[in-house]
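One structure follows; several queries about it will come next.
Chain IDs A, B, C, D, E and F follow the sequence of writing; residue 1 opens each chain.
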Amino acid sequence: MNQASSTKPFKRLLLTGAGGGLGTMLRDRIKPWADVVRLSDIGDLGPAREGEEIVRCDLADRAAVLGMMEGVDAVLHFGGISVEDKFEPIMNANILGLHHLYEAVHKCGVKRVIYASSSHVVGFYPTTELVDASMPLRPDGFYGLSKCFGEALSRYYYDRFGTETVCLRIGSSFPEPRNPRMMVTYLGYDDLVELIRCALFTPRVGHTITFGASDNDIRWWDNRHAGHIGYKPKQSSRVFAHNFPDTGERPAPDDLPTIYQGGPFVTNGPQY
Amino acid sequence: MNQASSTKPFKRLLLTGAGGGLGTMLRDRIKPWADVVRLSDIGDLGPAREGEEIVRCDLADRAAVLGMMEGVDAVLHFGGISVEDKFEPIMNANILGLHHLYEAVHKCGVKRVIYASSSHVVGFYPTTELVDASMPLRPDGFYGLSKCFGEALSRYYYDRFGTETVCLRIGSSFPEPRNPRMMVTYLGYDDLVELIRCALFTPRVGHTITFGASDNDIRWWDNRHAGHIGYKPKQSSRVFAHNFPDTGERPAPDDLPTIYQGGPFVTNGPQY
Amino acid sequence: MNQASSTKPFKRLLLTGAGGGLGTMLRDRIKPWADVVRLSDIGDLGPAREGEEIVRCDLADRAAVLGMMEGVDAVLHFGGISVEDKFEPIMNANILGLHHLYEAVHKCGVKRVIYASSSHVVGFYPTTELVDASMPLRPDGFYGLSKCFGEALSRYYYDRFGTETVCLRIGSSFPEPRNPRMMVTYLGYDDLVELIRCALFTPRVGHTITFGASDNDIRWWDNRHAGHIGYKPKQSSRVFAHNFPDTGERPAPDDLPTIYQGGPFVTNGPQY
Amino acid sequence: MNQASSTKPFKRLLLTGAGGGLGTMLRDRIKPWADVVRLSDIGDLGPAREGEEIVRCDLADRAAVLGMMEGVDAVLHFGGISVEDKFEPIMNANILGLHHLYEAVHKCGVKRVIYASSSHVVGFYPTTELVDASMPLRPDGFYGLSKCFGEALSRYYYDRFGTETVCLRIGSSFPEPRNPRMMVTYLGYDDLVELIRCALFTPRVGHTITFGASDNDIRWWDNRHAGHIGYKPKQSSRVFAHNFPDTGERPAPDDLPTIYQGGPFVTNGPQY
Amino acid sequence: MNQASSTKPFKRLLLTGAGGGLGTMLRDRIKPWADVVRLSDIGDLGPAREGEEIVRCDLADRAAVLGMMEGVDAVLHFGGISVEDKFEPIMNANILGLHHLYEAVHKCGVKRVIYASSSHVVGFYPTTELVDASMPLRPDGFYGLSKCFGEALSRYYYDRFGTETVCLRIGSSFPEPRNPRMMVTYLGYDDLVELIRCALFTPRVGHTITFGASDNDIRWWDNRHAGHIGYKPKQSSRVFAHNFPDTGERPAPDDLPTIYQGGPFVTNGPQY
Amino acid sequence: MNQASSTKPFKRLLLTGAGGGLGTMLRDRIKPWADVVRLSDIGDLGPAREGEEIVRCDLADRAAVLGMMEGVDAVLHFGGISVEDKFEPIMNANILGLHHLYEAVHKCGVKRVIYASSSHVVGFYPTTELVDASMPLRPDGFYGLSKCFGEALSRYYYDRFGTETVCLRIGSSFPEPRNPRMMVTYLGYDDLVELIRCALFTPRVGHTITFGASDNDIRWWDNRHAGHIGYKPKQSSRVFAHNFPDTGERPAPDDLPTIYQGGPFVTNGPQY
């Protein structure tokens, strides 16, 4: 087979965190976009399939990260820790690790990063408030805090070096909503793939922050500052509404997970 | 039949103004939400049907209002005067009466009120301006003024006591638009019921102000601050467009009812 | 002496609430502005002095209010109840009474009202937030609520009839601050008089809302929307700073009067 | 046939620039709106068809413009130069010509103008920014500059004389998008006609600025300030997406036509 | 004397409109800033004094403007027509003339222009509204309209070519206020010179729009977007307040010059 | 002398970074505020003077930080690295170290932290733009990035635990400006002490972000969101203006340190 005859848009895409929940789902979905998809994870990803390269890599290992980046056109960064945890592991994976990633991106001349940020960077806004990407951050734990760092770091690389990043403030990307909160934050898999596609192929994105949610009825996030990437959700949590029937029960007035958008994350934080 | 086996969300909902135009329409529509619907009005409502309780009550009568509130889970307040009138009757029904209502709500520990406010709280904005719930009030008469008072009173009860209210700034809720202005302000009955459902069942609403209009083509109101209740209109005045064909006629430059959103209300006020 | 030779700007100014704290102070200060100052109050004002007319008037008495207004050029409305109280007296004096006042203003062709509103219309904003005149109201009690009504009523008379009003959201107008909160809200008497002068003599004011505070160091209110009346405070609470020395004491986290701008008013409300 | 029996909304509509690309398309489409459509152009329009009047007119000729305006109810002004050019021809057609037009509009008592402005009045905003009609202008050449002038001139005629204008900031109105940029700026012909219809028949428009784009996925323009005219696009560039497949190619960091919304216009300007 | 020993910041400044009111005043004041001040005007400026060059130039003469620009470091553009007039003379001087000026600026590599715009670009804002440089333009006549054009043209030259301009929206620059309106719009001569100094010497200004007023008590304009040039007025109209004593007289409700900021300009426009 | 008779506001204040430039200056200035000032630094601070306690502490040492915090009423956190450096040392001192600090603050029940953030969290805004505390962050290097992290972390501790922090976005706090940029960013020592006093003694601050600059003529930062702490600068860089005379020299169009507010920091970052 002749590589030159390929008509795929990218030669090599790197997907980090390829062993995680979203990474596993994305593994096949992104294949049409690149001749080679390089998959990396801190854990074992098994053997490479056709059109794949596998790189095992701890993001805290600077040299390994640099090696992983060679020959890459664009990065989908879903690696690191994606749940609440103690501070140091989060720092090593999501702060130091991200520094390594952008240092490598810069050294290897990668043009664009799709960065899996999180809606937990604004988890301490009340569920009665509409949030947009220009409003001050209100993280709801160490995980959210590490994503605040990531948004700032990627902004810096754009301002200083022109490296483009789209930060995806992903809500709850699962096959279906698991609780009433996820009726609001649900991001269907098809919609996530479409969001990544928009982020990856829009000719110019600068440094864009976009919320990642499907077309759910309840809306906490206003995506107006990301209209230029053209993401239109096609899924909606409303098809799962029967799983969460209307109830007259009221949460206690001081029930933090219903007061704040972050839900259970807001009380998952440091346990003193 | 055993009442205890009920799975309806509320035990008892109170609908005030049950004898009015919207009250009459709502009477049956809200039954699925509560074991008992208590209906009140200043006029005669006839006999109670199954699942109903009837309370005749003048809102200006403090003790009667308190009595009416006992055992109630949530209130749909459609009572009071809903058209332009002289000041004192409006004050007695909509200001003093509302005070009585919230006093009773507070004393009886009712958690939430759905309050029929009106788009006439902003009726003196021009028809060329987009209004949202955070903008200063511009009432177009004594009726609108009493609704301004109601929005402020309910805000106070939320800030001070945590009583939740959703203020519905209802446009024109009729079977169909009766004039060209109502092509903009039309709120179909199904949409009104859906709006009330959203307002009633969203777990947390704090103090929310929402405009009540269907998905009409012309839009004077931006409902962005109420996205968290998840109201999505399904009706639209556009199906009645043939009743109001395009015309090249221009209103006189000083014709107040076409200059201002309140329409005829803006000149219905005090006649000196 | 010939009245015709007068060069005072107004023929007759009406000061309501002339027996109250601010009314008493203003009584002499406003004399240079009018040939005749008509003073009214619900209580006894004693005999008229030179250049004064005395009218005893209960604002809830519609006919009396109309009589009081005849021949008046402009009104300084400091009447009504100016502290927290039960709802009905406040309603009668500040809501019904204000309706009577504007009805009379309209019938008598008075061009402008200076209305003593209050910073308690926004008393439920946190002390850490900057408030301006375009932001939603958050009254801190029945008194504040009645002032919300007054601001909306006067807006209506402006939009409908062109009657101009300047609403003064007065902070704490006393000879000096009486507690640390008043270091922020202090409005010296000279500054109040100057504020009224600006409000009265600016050729056009439309419907203006202005905060009334001196040039104090701490600032909760942004007066940007009232720059066109040209009020520049010359007094400051800082000369009284020695009365309230720095302290490391911290209010309890749930101490409402230090959380909210309204201070003690926020807990003075309805006692159930 | 009896003219008096006509039920068309307008007696006479004037379409300028009737020989241009959009003018030619509009010629038949607007016939249902008027008994007579008067067509004008600087070039030859051929013979008048039924229901048409033809006026050959150079906008720089003041007397001719005045003559063209007699008996007109409303104007669709698509005349002048609609591409980048040297300054003087643009000035003569689009600045001096527009002055002549509005002078004639005023003298003849025409009530409303639909003015073909252009999205090139904001062409120097980055493609990553959302622009609305209240934001400062950033023209991308002499053509865009002449449209900035037109928006200001029409605003003046509204403020001073009450002449209503709807400025259409048209994107790219062609049968289909011709390049990737037009996937964003595309305005289908049906949508353009609908936009003009809304602008023409909304009873009151004051001075309205609206962007003209179809319901494309990528969105640079926020039309919130024009919700009162009720334009709802029904076309979308997405049906042409296959013509512009996703590509991983990145424009050079200093490639102005992809950095700025104006596209190639931003470098078409004065060639020194 | 040795030119080389000069320590003046600029080698050659061009002042256009040097024969006008402000030009005449500036002629001597700006000498400390440049070895040579080149003065131009359409009229006779008399003989050059020491450190001056005189160029007689009609701005509508393209070649003459180009000649005038040679060897210039920076331009203070006070030329053109600065009062209301018929359209064509204003267009020739302020639109075509300005085009010539910027074309010459570009060709000669001049880095910065200080452009005498005018507060009449926003003259149709009400006197009760606070205006800042980011708000839409509302010119009050042909003169104001030509200044709108100038602000847009200079923005274009900055976006396209990097030519820096500071637009000065000058209020009323006279030795003292001549009427009550000028108590608001007054810009003392010392303050004007200081404003020009700031605009000329701030290392980077991009395209800046600043209002030009002294520290007057009444404030219609918010200069927040020009804080980076560091202009602090030291004069104030308040020292002339005795010339305009307080009066209880009220302008008629439809008296345009007191309703709108532009004052008499708003009715000076086209006389049909 | 009896310590118990002390009337100082605090029993024990902790000043970290006491050996740094600002720490050394503050050492004596803050003594009037506390019976004991505990000083800490990573380096040697010499012997404790009267009213002092000395604690040598590396912020990256969790246990040491916890020990340092015992018995402390409030913290002035000036420790960590305050210049651009490699990523890891900054991370250890300013990210991990700050985590240790807030963990200790929380465990020891300290009520308030005054946190030395930096204007370099917004160093990549252009020098022509006005920045306020609600705008998105644009750090200009690793140092600024670590301060972004600190602002987010302290916000989290406030939202989650109620710990109050005032973030001081300090400009350039030196005895006098050292270059033209510092004419804008200068914060005199007296003003810094006053700013800290306001931050420390205002009864309630929640989570406040304030810029730290003296009353300089040029203004890049709008401190409106911090009006509630009452800081009024009394110093100004203008007394040093003679050191930086006006010059007609223009920086090159691509000279980053004059384009962006961060000045030389914007190019001090990672050297690849």
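As a working rule, a contact is a pair of C-beta atoms (placed from the backbone, for glycine too) under 8 Å apart; a residue touches a chain by one contact, two chains touch by 3 or more.
All values reported here derive from a predicted model rather than from experimental measurement.
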| item | value |
| --- | --- |
| Labels of chains that are neighbours to subunit A and to subunit E | D, F |
| Cα-superposition angle relating the copies subunit B and subunit A, to nearest 5° | 120 |
| Numbering shared by both copies at the subunit D-subunit A contact, with half separating same from different | different |
| Pair with more cross-chain C-beta pairs in contact, given D-E and B-D | D-E |
| Subunit B and subunit E, separation of their C-alpha mean positions in angstrom | 54 |
| For subunit E paired with subunit F, centre-to-centre distance based on mean C-alpha positions, whole Å | 41 |
| Centre-of-Cα separation between subunit F and subunit A, whole angstrom | 32 |
| Interface hub residues of subunit F, defined as touching at least two other chains | none |
| All touching chain pairs, where touch follows the definition stated at the start | A-B, A-D, A-F, B-C, B-D, C-E, C-F, D-E, E-F |
| Touching residues (chain side subunit B, partner subunit D) in the complex | 126-130, 180, 184, 216-220, 222, 245-251, 253, 258-259 |
| Residues of subunit D defined as touching subunit E within the complex | 87-88, 91, 95-96, 99, 103, 106-107, 124, 133-141, 144-145, 148-149, 152-153, 155-156, 159-160, 260, 266, 269-270, 272 |
| Complex contacts: residues of subunit B adjacent to subunit A | 9-11, 33-34, 73-74, 111-112, 162, 197, 200-206, 208, 224-225, 227-232 |
